[in-house]
Each structure stands twice: as structure tokens, then as C-alpha cells.
Amino acid sequence: MSSALVFAWSGVLLFGLGLFGFIAHRHLLRRLLAFNIMGSGSFLVLIGLAQDGRGVDHVPHAMVITGIVVAVASTALALVVFRRWYRASGRTDLPEDT
Amino acid sequence: MSLRIVSAALLCLAVTGALAWAVLDRPLPEENLPERVAAAMPESGVDHPVTAVLLNFRSYDTLLEIAVLLLAVVVALALREAQPDRPEQMGLENPLLRAVMAWLLPLILIVAGFLLWAGSYQPGGAFQAGSVLAAAGVLLRLAGVTTAWLDNATLMRAGLALGLLTFLGVGLLVMIPGVPFLTYPLEYAGTLILLIELTLTLSIGLTLISLFRLTPPYADDPDEAREQQGKTP
Amino acid sequence: MTWNALILFGVLATSLVASAVIFLLAESRHTTRSVFNLAAAVLKLLLVGWIVWGVYQNIDYEFRFTIIEGVDFILRADALGMMFVGLSSLLWLFTTIYAIGYLEKAPNRSRFFGFFSLCVASTVGIALAGNLFTFLLFYELLTLSTYPLVVHRGTRESLRAGQVYLYYTLGGGALLLFGVVALHVLVGDTEFVPGGVLSGLDPSLHPLLIGIFLMMIIGLGVKAALFPLHAWLPMAMVAPAPVSALLHAVAVVKAGAFGIARLVYDVYGIEFAFSLGLLGPLAVAASITIIYGSLRALAQDDLKKRLAFSTVSQVSYIILGISLFGPVGTLGGLVHLLHQGLMKITLFFCAGNYAETLGVHKISELDGAGQRMPATSVAFTLGAFGMIGIPPMAGFISKWYLGIGALEAGMNWVLGVLILSSLLNAAYFLPILYRIWFRRRERLWCEGKVLGRFETSGWLLLPTLATAAFALIAGVLAGMPFSPLYWADLIVSREYLP
Amino acid sequence: MPWLDLLLGLTLVVTAGMALAARDMFRAVVMFIVFGLLVALAWVRLQAPDIALAEAAIGAGLTGVLLLDTLGYLRRPFGSRVDNPEERE
Amino acid sequence: MIGLWSVPLLFALPLALGILSLLVTPAWRPRLIFVGLPLLAVASFDVLARLVVEGPRIYELGGWQAPLGINLVVDGLAVGMILMTTLVASLCALYARVYLRDYPPSSSFFWPLLWLLWAGMNGIWLAEDIFNLYVGLEVMGLAAVGMVALRATPQALAAAMRYLLAALLGSLAYLLGVALLYATYGTLSMAGLHEAAAPNVTTHVALALIILGLLLKTALFPLHAWLPPAHGGALTPVSALLSALVIKASFYILMRIWLVLGPEVTPIFTAQVLGVLGAGAVFYGGWMAWRQHHLKQLVAYSTVAQIGYLFLFFPLVTGTGPEAARLAWDGTLMMLVAHALAKAALFLSAGNLILAVGSTQISHLVGISRFRPMSLFSFGLAGVSLMGLPPSGGFTGKWLLLHSAILSGQWWWLIVLFLGGLLSAAYIFKVFRMSFREGPQIDRSVTPPLTLDVTALILASAAILIGLTAHLPLFWLRLGSAFGAG
């Protein structure tokens, strides 16, 4: 088992864990944490699998940097909306039914 | 346990299981992209492969990615205008922090510049440098340093737009000899990439600072905020 | 595009353009709208006359373009189609005149006349359709354009009627669509050809073809008000009288009957349909509807309702004629398409006249109406005699040929149906005539409004008398060239020859 | 078997679990920042220093600051709530 | 030479306009459309003309061939979607220019969001690289979320949040699928994947993740919960853009990837499951639409239902004969385009009706046919297409799908098309019944500006016309696809 594969495996676990948190939690901040953990998980899978047994691959590196920036942009946007929502409704979660 | 938890657990197990199977059963690819990257490096205009991929081979991705960042700011701006905030009064006059800042700030700027310049041959580049710039901005605000130019909306927006506009402009200008979008001529590739990175660093830094600043501030009584807005248009 | 294709398209376009212009006209511009509408109707009639002459001389009129690969939009003038076009464009003119008078001072006239013209455009499209796809297209368009007319009054009752109408027709339309697509899969673009296009198929497919036929008959039978799919028709009586005339005589039920004729003659082919054993059950269904409709009509006191059930019964004469294998039966069915239209529209105009002038809707209130409104009552009498089949009225001609056709096809029981239904027709029409002419007026009519110099408004009276005259002439002069009988004979000779 | 990497990978999962399971929101965010820094370490181990820099600066740093900032915002009670401002449509 | 320009302009121009509209004052933001729309229209038609004359081609960004660089695919499908976007988005923009005048100045941020959304969509239509698609999805998705949040009411914010969470989860699932595919095949280019794709576990798991992610973004039943509040609650031009175009993008990606992986890899079982979900969407969405009391909610649920039809593509194209597959392709695309036009028209005209009576309640539309016949007429034309009645794009699409279902012997989809049509008739005519009713009427009826009515009418008429002239667009759409020869 190469070290790349080790991280790929932990990426798999992180994705699963994050998915659980994303669905199970109701607090929106926690869901965003879960989203970021899932994101890290999928980046680890991407790099880990790509480099397993084949050495460094710079293309996925660039992809992950892009992914990280996209993730932070999404998180920031979510926080902006979340704070406005909290201010308007006083809730930290979404109403159950529309 | 609620149904939500149970279904989340089941889904999580299913996905993890499927992923595990996929990882275990994975065939090795025939295509060797790293080799192609290595072969094309001399034509990329930079020496660092990640930068080459980000700003030359797959520069289109980066272009769209900057648009994503910009989008977050646009939404924040829109919501702020829809729900007026009270003027910001964050941070305290802190002489000690100010003194430290006087030392720290130039250092941060130097680090950012180094990261940017280093990007062409070793780890570093616009994103890293931009986020360091953003850190400087955040520190400035925490120290209560009110910088007029940061509050100037037009200047701020121009700064936000600069990176993407330059990127687009370069992408389109290089087409004049009749080549596709974003095809840098070999002899200018390094310079053009550096130019793009320079403007991107600035814009990314400003974008990240804006994302931090455009959220509703602490002291937040909406009614009061609206009144304030009325007084100081 | 040839000149002939353009003329053919012009027949469709006259009412389409009229409808578009009417929609765009402001509600208050009544005169402009009426003038334009009538001009379009007259122009259309002229074009139709032109093409009828051409078809008589075997000139080809065809307009086509490709919609999707393997499916064309085809308009084509043949003898059968032109018969229906002639009927609908003639009656459009009269119904428009009538409607102008009928809806004077009523709201929403722009909407009414717009959809009215669209409705006629769809009917013309149905008649001229050169393949099943085009037929289906206009068939559904007819459903859509009649809905606003049915619910025109906007009352709870009419909205309910409109909904029932939609349930039936959209459901039927969907079944028809399946049938059309299925045939399309089997034989490609199903153009209408005398003798049909299916007889060459492998015998193993015959059960499937029977199933498809059944499905399509249900789809078409909804509009043709075939028992037990007729329930929408009496309910739709809440619509204004010109709409009833349109539904019963010009467009909707005729579209159904005409579709069945197309299906039997030009898709399956009469001989192939006969060999599949499809005609017998169709004749039975038609006969049941004839008797059922007449029986139900007997029980109605509402004049328009009685007429509506009479339509249920009379339209099935057409279907009965189609299902009689042999030229004479066909002749009887086809000619009834025209005759029933002329007679039924007269009756509905009269019912509308009574209602508008005297405020009378019930048969029991008609006592003595003949003295107050002699012209209308004469027209009504002519129509009723025709329906019963008293010589020399048009209805007699139809029934005569149907009877002979039945004998020729070896279906002698049909004769019994004809006789029984004629007796029933008499039983539900003669009491009305008796009341109109021979009973004294018992209660007051609400004659608040003065409608003109005549017994009623000229706009209402003129079309009534005109259609009554046509119904009379069609019977008396049946032997003359270009009479309905003559034209039906032409169709039969072209359908059976190849 | 790369034991060090295995340990790091395991720590990653545990930290993530703690971030998700923490009862206190502040604790959760702090754990998340720690998680981000550990991921940066993992990138170094994966010979991806560019990502490590980006992760530390953006992934852990900026996201963390944003989250902490929001947390502070949530903790500060505010007076009146907005009733739906001028509903249209 | 010019041909090289029009392709990148399709995304570069909206990007540039998006930035510019941030820099100008709010009053100037709407006016940028008078520069942008003509230029984009010219670029779109230039791309079409070149496609027809010179045939489909690959555009190599930066001069780098795939798999090293990112390529754009300029085939019939992409160009068709681009033209659809240009038409619908242009009309929505013209509508919005007038519509937003009554809204506070903060709504002028609609314009930068519109341009960025447009750039994202054009990027997706042209993409040939599966990671590039991810970035494109994010551009489009975040712009769409921003548009939903634009009203800044609590409901809008909740809807935006819900939408954002769904979009983010969907993107991550997609990204993980891409990661697995890259690990297996070492390439991100569709052409490369098409060559190399083989049926193995990793590919199947990747496909499953991609499908799940994209289903969530497309809001296919039962993953649709985010859609009605987002589409039904947004500003009218936003609703139109989202329902008509945005959800199509994720479906488009799924369609492309399904065909790229090819019949060897895509399991018939999965195709049938997708079809069943589509059927569920048709029934559930139609039923829910019929039960709504608010006009725009009804239209939003109608979108949930109509999405279902598109997913019949998968069972009809997988494991069936070439003729049935071609018909399924034609039918699905016809449905897609017709729905885009009709749904945009339906939302815009619903917005006009709401503007006229000043209420979102369907029951307040009593007698409106007398006052706003034109708005109602557009609503009706669009409704005809949604019900799948002739003559309309919806009908032509339904015809082709029926044909394909019969030809491939999958008669059970006929039931879906049959009942789906009746259900949509039920909810469309629910509105009409109310509008024809003569009863106690609202005492005021505002006349919306003519532009609002005209844009809706143009879209509705286009939905009708596309059905009658389907031959040519369908031929263009097939160019460069696996069904091109037929």
C-alpha cells in the first residue's frame, strides 16, 4: 500500500463521514463543515488515486487548487446567505417543509 | 434515532462501500498525462508544472474559477444592498496591534510578492499570494486601521474586476494572429502569465477580503441599521 | 410552391388569419370585426367553390412540408374532404351571421369570434388533412379551440360542461395519438389513399391492427358522440346557440364522424376493414347509439337537450352508413354527413331564436309559438321533417340509401333499426310541432326586447331560413349535379373503384 | 507500509469526526481548522506543496476565519427581528 | 478566422459584461444588454452557420490538444443549446429590464448575475472536458443561487440556501465521480474517455456518483424538494431562466456522459431506473402542480413533472436498436427545447397575470380573460406545448418518444406519456377555468407594460413553431453526434 493510496482511503472515509454529517445535521454551519470535509475527502481521493503507483501528477494538483478555491467561494457565499437568513428569521436551520 | 439519521447512515455506508469497492477494483490507466505535461513544459513559458497547468494548459478552468470567486462577492454585495447594514465599526483602536502591524504589513507584502514570483518555478502562485494579501487585509481591519481606499466602492470594484478583465483581455488579444483563445505566443508566454498572475493576486486578495467584509457586521440590529442607512446615505 | 397548393392553403388561411386579426382587435371595434369576419367567410366560400370545381375535374391540390423525418404536414383536396370543407365553410358563413346577431351587446365578443374562426380553421384542416398526422394535429386543435366557446358564459354550469368536454376529448385524443403512432411504426407516414394502406401487412399483425382500430374508434367516437362516449354533448348545451350549432352541425361531432370515414376508407380500406371483421361491430355500436339517443331525446323537456340527444342519434347514421359494406350504404352515410348538418343547424338556430325572442327554453312552453314566429317555426318544421325522414326532405334520401345499403350488405336487421329510429324521431319531434302550431299560447313570454322589423332580429332570421332552404333543396333537387347526393356518389365511385 | 502516513490518514478521519460530532459549535470550528492544517500536511506528504499552501491559506485559514466570524455573529443576541420586509408578489 | 472568435466570445463576452455591469452605476446595468444581446446573437448564429457549412469541430483552447489542454466541442447539440440559451435568455433579459424597474435598486445585481450565469451555461454547452464541466456547473449554480436570493426576503433566502446545499452536494458527488474516472482512465477529455471506457466496477461507481450528483442538480423526483421554493419564489425573470435553462444544463451533462461512456458501460438496469424515476416525476409533479394554490408554484411543480419526460431518454436509448435510439435522441431534445421555450413563456406570462391582479393566488384570477387576454393567450400557447398537444414542440417531442417506445417494444412508457399529458392538461386548465369564470371580480386590474406581454408571447409562439418546423433543428442537433448519419 503506497502512501498515496493511504490518503485515498482516508479520502473515501472522509467523504462518507462528511456525507453523513451533511444529511444528519440540521444546523447550517455544521452542514457547511460537513461539506468542506466531503470536499477535502474527494480531493484526497483524486490525488491519492491518480498518484498511486504512478508518481507525481501535476494536473490533478491544479484541479485541486481550483477545487479549493471553488469550495471557499461556495462556503463564503453560503455564509453570506446564512447570515442574512439568520438575521431575518433567527433560525440556524432550514424550516422542515416548504 | 430519527429517520433522518438512519437514512443518512445507510446512505453513508452505501456510498463508502461502493467507493471502497471502486478503489479496490480499479484498473490502471493507459493514458499517461504527466508525461504529456513534462513534454509540453518547454512550450509553457514557466518552469513550475502546476503553474503551467493552471495558467497555460488548463487556463480556461482558472478563468472560470475566478468567475466563481467573483460571483460570491456579487451575491454578497447584492444582499447587502437589499438588507442595508449599519456602517461598519469593527475592530478597536489598539495601539499595540497597530505597532505590530507596522512591522508585519511590509513583511506580508514581501511574502505575497515572493509567492507570486516563485510560482513560475516552484510552489506558489496567484492563489497563495492572493490569500496572503487577504490575510493582511483582515489583520488591518482587526487592528482598526481604516483605509479609505478599501471603503471606496468604485476603486474596490475596479480592483475586483482587474484580474478577470486582464485575463480575458490577454486571452482575446493573443488571438489576433489567428490562434485560439488563450494561446500565448511562446516568446511572451512567461511575461503574459506573470502579468495575469499579478493582477489575479490583487483581485483574489480583494475578493477574499470582500467576502470577509460584506457579511453583516456584529452589532446588528436591523431596524437600527436601516435608520443609520437613512441618515448617512 | 405551386399556385394550386397556395389556393389550398388559402382555404385554411382565411379563417386562421381571420382568427388572428380578431384576437388582436380591441373588444369595442364590433363593426370592423364583423365586416372582417364576414369577408373572410365569403372569401373562403369562393375559394372552396373554386377547388370543388377543380376536384370535380380531377385536378390535384396538394400542400406539404416536412415536419420531422418521415412525417409530413399534408393538405390535400379530395372529393371526401371537399364535401366536409364545403359544408363547414357554408355553415361558417351562416353561423357567423347568426352569432353576430345573437351576441349583440354581449361581453367577450373578441374572444368568442377569435376562437370561433380558429375552430373553423381546425375543421377545414381536418377535412383537408392528407395523412393521419395532419388529421390528428387539427383534431386536437379543434378540442382546444372549442373549449373557450363551451365555457364562454363563464357560469359554474358551463365551466363544469367544459371540464367534462375536456376529459372526454383529451382522453380520446390521447388514444387516437397512440393509434396513429402505432400505425406510423408499422407502415410509415400514413397518407390517406382510397383503398387504404394496411392491406399488404403480414397476417400475423392482424390482431394488432384490430386493436389499433378499436383504440382509434374510441378516440374518434368521443367526438362523434358514439354511445357510451356521448355524455359531454348534452352537457355542452349550456353554451350559446351558435356554439351548439358549431358543435353539432359544423365542426365537432362531424369531425369525429369524418375521422371514422377516413379511417375506414382511406387508412384501413373498406374491403380490408370488412375482411378483418371490423364493420359488423361498428354497425352494432352505431345502431345502439341511434336507438339510445332517440330514447333519451324522448325524455327531455329542454329543447336544446332534446336536439342534443337527437344529434347523438343522427350522427350515428353516418357511422352506420360507413360500416355497411357496399357502395350504396356508403352513399347513404356520406350524404347524411351533409344532410344532418344542414337540418341540425336549422333546428339549433330555431331553438336559439325561440330562446332569444321569447325567452323559451322548454318544449312545454312553446305552445302557440307558430303564430308569434311563423318563419322560424316553418324552418323548424322543415328541419324536423327532415330528421324524421319524410319525403322529399333531405333526411329521407339518407335513410333510403342506408336501407338499400343494408339490404345490399346483407345486414337486414339494420332495416329494423332504421324503422324503429324513424318512429322514435317522429315521436320526439311531432309533439313539438303539435305544440308550436296547434296549441294556444298558455303563458306569457318575456318579450321585453324589440329585436327588429321581423318576428326576430334579421341577423337571426336570415341564416335560419337560408339553412332551412338548403335542407329542403338538398332533398328535392337531390338528382341535380353538385347536390349533396351527387357529390357523395362521386366520392363513392372514387373510393370503390381502385 | 507507510506507517506515518497511515497515522496521519487516521488522524484526519478522527479529527473530521470530532469536528462533526462536537457538541459545542466553537469547538467544532476549531477542530475543523485543525483538520484543514492536517490536510495541508497530507498534501505535503503527497508531494503537492502547492496544494498544501493553498489549503493552509485558503482551506483552513480563510474558511476558518469566515466560520469563526459567523460564529461570533450567531452568539451576539440581537433585538428585534425583521418582519418580512415589503412582500411583493 | 472569425469562426475562431465567435466560439470563445460565447463565454468571454458574458463574462466581460458581467464584470462591466459591476463597475457601472445601477441605472446603467440594464442598458448593457443593448450591447450584449446583439453581439451574442451574432456570435451564436455565426457558430450555427459554421456548423452547417463546415461541420462539427473541436476548438483547442490555448492551442493545447486534449488530454493536456481543454477542448471545446462545437457540434450540433452544443450549438443547439447555445441558440436556445441565446433566445430564451435574451427575451428574459428584455423582460427583466422592464420588470425590475418596480423593484428596489438592489435588484440591479440581477444583471451581473445574469451575465455570469450565461457564461457558465455557454461554458457547459461547449465543454468537452469533464473537470471543466465541474467548474462550469459551479459558475452557473452559484449565479443561479444568487439570483434566487436576490429578493432577500426570508423565504427567498431559505429557498436559496436549500438550493445552494443541493447544488453543492450535487457538485461534490459529480467531482468524486470525475476523480474516479481520472484515476481509471488518466484523462478528462470526453473523446479520450469514449475511446477507453470499459465496463468495470470503478467506472460504474463513478457513473453512479455522477448520475446522483446531476439528478440532484436537475431536481429529478425524488430529489426535487429544493426546486419549487427556488423557482416558484424567485423574481419572475429569474424563475423563467432557472426553469427553462439552468436545470437543462445538468441534464445535458448527464446525457453527454451517458453517450460518451457508450452502451458497453451504461447498464440497461440503470437506464430503466432513470426512466422509472422520470415516470415518478411526471406523476408526482403533475399531481402536485394540480394541487397548488399559487400560480408560480403550480408552474414550478410543472417543471418537476416535465423533467421526468427527459429521463425517458435513458431507457429508450440504451440497448435499443439504432432507429429507436435516434428517435429517442430527437424526441428528448425536442422535449428539452420545447420545454425551455414553453416554460419560460409560462413563467413570464404567469408573472404578467400576477402583476395584473396583484396576487399570486390562482383563485384571484377570476374573469381575468376579459382584461388580460394577451397574457392569458401566451399562457395558453405555452400550456399547449406542455400538455403535448399539437401543433407544438411538446407534441412533436412526445410523438418521437412514443414512436421510439413502440419501436423498442417498451410499451410501459406509453402509460407515462398518456397520463402525463392528461395531468398537465388538468393543471393548465385549472388556471383557465378560473380565468374564464364570470364572477365577483377583482376591482383593479393593472395593465403591465407591453414589453412584458410581447416577450412572453414570442417565447410561447416559438414553442409552437418549433414543433411545426422541427425537421431542420433536429437535423442540426444530430450533426456530430452518434445519430448524425440518420
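Going in written order, the chains are labelled A, B, C, D and E, and every chain counts its residues from 1.
The rule is simple: contacts are C-beta pairs under 8 Å (C-beta built on N, C-alpha and C of every residue); 3 or more make two chains touch, one makes a residue touch a chain.
Owing to the predicted nature of the structure, the values given are computational and were not obtained by experimental measurement.
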In contact with chain A as well as chain B, sorted by label, we have D, E
For chain A and chain C, the contact-path distance works out to 2
The chain whose mean C-alpha position lies nearest the overall protein Cα centroid is chain E
Greatest centre-to-centre gap (Cα means) from chain B is with chain C
Dominant interface by pair count is B-E
Greatest Cα-centre separation from chain A belongs to chain C
Cα centroid separation, chain B vs chain C, in Å, comes to 72
Separation of the C-alpha centres, chain B versus chain E, in whole Å, is 30
Per the C-alpha centroid definition, the whole-Å distance linking chain D and chain E comes out as 35
Residue ranges of chain E touching at least 2 other chains are 131, 135, 138, 142, 145-146, 149, 151-154, 176, 180, 183, 186
Two or more other chains are touched by the chain A residues 9, 13, 15, 17, 20, 45, 49, 56, 59, 61, 63, 65-66, 68-70, 72-74, 76-77, 79, 81-84, 87-89
Residues of chain C that touch two or more other chains sit at none
Within their complex, chain B touches chain D through residues 50, 83, 115, 123-125, 127-128, 131-132, 134-135, 138, 208, 211-212, 215-216, 218-224
Given the complex, residues on chain D that touch chain A span 1-2, 5-6, 8-10, 12-13, 16-17, 19-20, 25, 28-29, 32, 35-36, 39, 42-43, 45-48, 50-51, 54-55, 58-59, 62-63, 66-67, 70-71, 73-74, 78, 81-82
The residues of chain E that touch chain B in their complex are 1, 4-5, 7-8, 12, 15-16, 18-20, 22-23, 59-64, 67-70, 104-107, 109, 112-113, 116, 119-120, 123, 131-132, 135-136, 138-139, 142-143, 145-146, 149-152, 176, 180, 183-187, 192, 196, 198, 200-202, 204-206, 208-209
In the complex, the residues of chain E that touch chain C are 330, 367, 369-370, 373, 377, 384, 387, 389-391, 395-396, 398-400, 402-403, 406-407, 414, 418, 421-422, 425, 429, 432-433, 436-439, 467-471, 474-475, 486
In the complex, chain E touches chain A at residues 131, 134-135, 138, 142, 145-146, 149, 152-154, 157-162, 164-165, 168-169, 172, 175-176, 178-180, 182-183, 186, 188, 225, 228-229
